[in-house]
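We just call them A, B, C and D in the order they show up, numbering each chain from 1.
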Amino acid sequence: MIYFDSDYMAGAHPDVMRRLVETNAEQTVGYGCDGYTAHAAELIRNACGLPDAKVHFLVGGTQTNATVIDGLLSRHEGVLAAESGHINVHEAGAIEATGHKVLTLPQKEGKVAAEDVRKYIRDFYSDDTYEHMVAPGMLYISFPTEYGAIYSLSELEALSEVCHEAGIPLFIDGARLGYGLAAKGNDVTLKDIARLSDVFYIGGTKVGALFGEAVVVTRPGLLPHFTPLVKQHGAMLAKGRLLGVQFAALFEDGLYERISQNTVRLAEKLKDGFTAKGYETAVDSPTNQQFFRLPNEVIDRLKENASFEMWGPRGETVSTVRFVTGWTTTDEEVEMLIGLL
Amino acid sequence: MIYFDSDYMAGAHPDVMRRLVETNAEQTVGYGCDGYTAHAAELIRNACGLPDAKVHFLVGGTQTNATVIDGLLSRHEGVLAAESGHINVHEAGAIEATGHKVLTLPQKEGKVAAEDVRKYIRDFYSDDTYEHMVAPGMLYISFPTEYGAIYSLSELEALSEVCHEAGIPLFIDGARLGYGLAAKGNDVTLKDIARLSDVFYIGGTKVGALFGEAVVVTRPGLLPHFTPLVKQHGAMLAKGRLLGVQFAALFEDGLYERISQNTVRLAEKLKDGFTAKGYETAVDSPTNQQFFRLPNEVIDRLKENASFEMWGPRGETVSTVRFVTGWTTTDEEVEMLIGLL
Amino acid sequence: MIYFDSDYMAGAHPDVMRRLVETNAEQTVGYGCDGYTAHAAELIRNACGLPDAKVHFLVGGTQTNATVIDGLLSRHEGVLAAESGHINVHEAGAIEATGHKVLTLPQKEGKVAAEDVRKYIRDFYSDDTYEHMVAPGMLYISFPTEYGAIYSLSELEALSEVCHEAGIPLFIDGARLGYGLAAKGNDVTLKDIARLSDVFYIGGTKVGALFGEAVVVTRPGLLPHFTPLVKQHGAMLAKGRLLGVQFAALFEDGLYERISQNTVRLAEKLKDGFTAKGYETAVDSPTNQQFFRLPNEVIDRLKENASFEMWGPRGETVSTVRFVTGWTTTDEEVEMLIGLL
Amino acid sequence: MIYFDSDYMAGAHPDVMRRLVETNAEQTVGYGCDGYTAHAAELIRNACGLPDAKVHFLVGGTQTNATVIDGLLSRHEGVLAAESGHINVHEAGAIEATGHKVLTLPQKEGKVAAEDVRKYIRDFYSDDTYEHMVAPGMLYISFPTEYGAIYSLSELEALSEVCHEAGIPLFIDGARLGYGLAAKGNDVTLKDIARLSDVFYIGGTKVGALFGEAVVVTRPGLLPHFTPLVKQHGAMLAKGRLLGVQFAALFEDGLYERISQNTVRLAEKLKDGFTAKGYETAVDSPTNQQFFRLPNEVIDRLKENASFEMWGPRGETVSTVRFVTGWTTTDEEVEMLIGLL
């Protein structure tokens, strides 16, 4: 069986795992106050070109989204997000559980448009009864999106501009950030992400770590009491240095980029193989998630030797499926999959 | 430098780490739906003597407390706990953040008395205005307590009885459960814990794992929608099998008990060394946390070569300090510490 | 100036006010434990044909919605509602503030269709990842809707059936219930509302009272700890008997129905006047809210002598406006308004 | 039967009620945007000597406390309050329901001491683990307290100073403010309350209104988004002018003070009567609540003709009872009560 279900099916990249093993017996203080964590934060600040940024390490994406959004919003505010945004769909109401509404925007391939954000805010404040409604207090986007799409630099700049005009922070969910940056045609750099957003995070769980998300607060003072909030959200790892050790491994010599590039290369190879055989993509994703419309009999045949997910309900004769590559995926596995078609 | 600050200063016990490395490249489904997790749950059910128990694996203690308590309480209820209980003092308001009040009880060495629980409940319902007050909806205790003390079997039975009389669940925080079970003079078994509580957890973070707490719901149907709640609380690990692998390592051949026994043995040795030199304990703890009243000059001298925590503010001439042993502690380290006195 | 802005612009109907004055100096216990409140509850139980129903009196609509929904849902659940539902749009996030997501359904004139509810629930549970999503835990509808529309008996029966099939309660926001029951063409009775819903409320604020909403829990045991929840939500009136006195006045000799019928009659007269002059309705409402598409110059002219609300943004040449009748509205006022056209 | 149970047993003072009746048929915009409300706010600003204060009118005390505290605190903060504070004891967990912990302080007759507040804050920030604890984010006190006691001007100044030193707001619950200001020996004026606090409220419910609390935000900009928060808390009255009309009646020609003074005078008369007969007070209250230790047989005898509350459980031979005077209380009633002794 070959696996294309998701990018979190295996443990950590061997280079990350080795560092965990090497440091395993060392004794350090807990809760991320150790030297490994400080070092990883410094590496990330450098990679972002933001010497004054604050970097916090959390365990997983849902808890990161909930903690950051809870920290950024006032009680009367909600978070703007694409209707398909992870926080709106797949986090079991974690945002609402902290008391905030997700205010939905139309989306295309998971992306929101700056003009829609501007319109939402303008319409909101031109409504006489706006004090009876939930104020848009921040914008959440994902890069890449839940459908694997990426924003262009000009799109990101426009979103950043509309947020700053309106005085609300822009938060970028980068659970798969590496794959977006490594995508063919991408013109956005990590420094752009850091420059254009107020808070974002660099996903580790899906890009080579056992777990871990590095939250970058780009402007000092924006989230002044984040540490107690992390604790309150149950998001503080006792052995916090495990996060520092992993992110140091990923950012010391370009491992994060190498994993991302190889994973995206294999996804491109997979896409090329499918399209060469005449199958159409359901979404035109340049990242490590690939979506195809396949005849049901092809799906059934593939399922005998490959594992992957249905995307939405099974159709009459044709259905949408998703293939995801990760750090464990090999050229041979992609070739085998294409061979099975 | 020798370290006695806490029991979460190093990584995982080598046997646990080895299993993580061995299984690292394997591909499994996420979110704890894998075979390792199922196996670990089965091992724990067997160890508890509860074939029908539900076992869930979460990452850390604060998130476990908040998720379980949120799941057990109705909106108008609060949780009874010792004034010194971890949920009341050191979780940054995680319980209140889910909307529930911590209703405090007097404590002795972190323990609450059955008669105090009974009195609280009786007084509550005999107050005409009780519908204007927060109803006691469950009892939280820790075994061992935050001061290292343990309940006797008869004390636990009395607490269980008063809870069940009142129709409220008993929840035991077992972040250091192993050390309580391994304590000299302890007459409580894991099966007793499982029999007398409604929900409890077996701490991994402080007993040999990288991280992880195994929640045991002793009665089926008690927490029927726990999985979405875990997700909502941001407490669901994407690569959930990491928890299964670790707990399987801990429970397959008695590793959890061996770690616990050796750690407690070293704590006893440490205590004997201190008391032999005439220093008095601040709490009479039979577990891996030891508290002493030491002259400040002794503390200052020890600090040159040993790392440990002050317990409360520094006194005029004498202060209280805490020494904690863990899976990394060696006989030599304890002897060195005593030698430093 | 004649006023058609809303149905809560004046105080209480004179008959209600007189009762408040008559009883003003009496001394009774607080918090709704008095005889007036018990008497009003009995009158309402009788009117509903539900001798075992529990009746609670709260002050306003938003607090009633938040308290009831908070009481009915488990923590992992959300409330299904029309996209245009008051709880989704105009309550400043009161539902989310209690931790629950509003799950939106398509609407027509503010109404939801049973088939859409059924589809939502079926799709939800057929999604493999449903435990990562917010479970539909109840259905909220308004009768009449925010656009003045009413459900037919068969539509209500279908909604009730789909809810009970799915095991979720049906909650009806009856802030303007009287006007729905008095509508031309309505085939639903108060007893039907009581029989088909699990919880509903009879709006007083907009139908002749100074304030007050009567919550009817149709099945005993459904909201067992509602009183402390009302207190927790800050929705318990100290001088609770003010609610009892008012609802007794409204329900003792049919005043609630008389107010409703007269108000709806005047709305019909207003609608007839407008349509006779060739103006089209924006929504075909049979209740006390009337929506018209009017040329902007007509709107501007009317505004000189009449007060009413724009409904949505001003259009290029034509805009939508709302006229609302209430217990204070007179035949003369309606005639004056039509005369102004 | 004569009633001394509480100060919210009757309706409104006749002068307040008359104004409600006089204005009953008028049409005004809702939600407190009317002229009566603006006028009442202006009267209160003048009475407070704070021309820039913001004044908001809410319905009841619990909802006012919850809304103000929710507005003042950040998510990681809790509210300091006397252990006996209404928010800690008798609001069914309303504060915790908004996610905040009540941090308790020792009390004497319901009062907290500035030195205890200072010590709490100093101890908190000198604890190394303070980021794992709930930060003290504001101070809540009541004037008069739940036991009828009042702070002296110097005590209030000391509390104000310690709060402002620590950078946290001081919030005064004035549910019975009038009775405190009218107390014999009181040296605090309304202007002092306004000058020394950041937010406080002037209770109407217990001092002559049907209902209503006037929240005074003494510093502009302190609660910038209070209106949507009031709506979110379900605390916004649709017919908001009812609050404005009542508070205008209370503040136009000194009615609030006259009610307060007469009520306190009767309480003093009652106290004098009891002490003259040799009964001792349980609390030395100078306000409208009087607490006595009475032999049970006296209590039983009084109960035949008078209604009042037990304060705590019935004792062996002697119990504590509370007598409360209000705007309805007459000299004759007090004389009758004393005569019954």
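By our rule, a contact is a pair of C-beta atoms (placed from the backbone, for glycine too) under 8 Å apart; a residue touches a chain by one contact, two chains touch by 3 or more.
Note that the structure is a prediction, hence the values are computed from the model and not measured.
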(Q) For the interfaces A-B and A-C, which has the higher count of C-beta pairs in contact? (A) A-B
Q: Could you tell me which chain lies farthest from chain A when each chain's centre is the average position of its Cα atoms?
A: D
Q. Distance from the CA centroid of chain B to that of chain C, rounded to the nearest Å?
A. 50
Q. Cα centroid separation between chain A and chain B, in whole Å?
A. 33
Q: Could you tell me the distance, in whole angstrom, between the mean C-alpha positions of chain A and chain C?
A: 42
(Q) Where in chain A do residues touch at least two different other chains? (A) 75-76, 91-93, 97-99, 131-134, 228-229, 231-232
Q: Considering only which chains touch which, label the overall pattern as line, ring, star, complete or other.
A: complete
Q. Residues of chain B touching chain A in their complex?
A. 3, 5-6, 8-12, 14, 17, 20-21, 23-30, 59-67, 91-94, 97-98, 205-206, 210-211, 228-229, 231-239, 242, 307, 328
(Q) Which stretch or stretches of chain D touch chain B in the complex? (A) 75-76, 78, 89-93, 96-102, 123, 126, 128-129, 131-134, 313
Q) For chain A, which residues count as touching chain D in their complex? A) 70-71, 74-76, 98-99, 131-135, 225, 227-229, 231-232
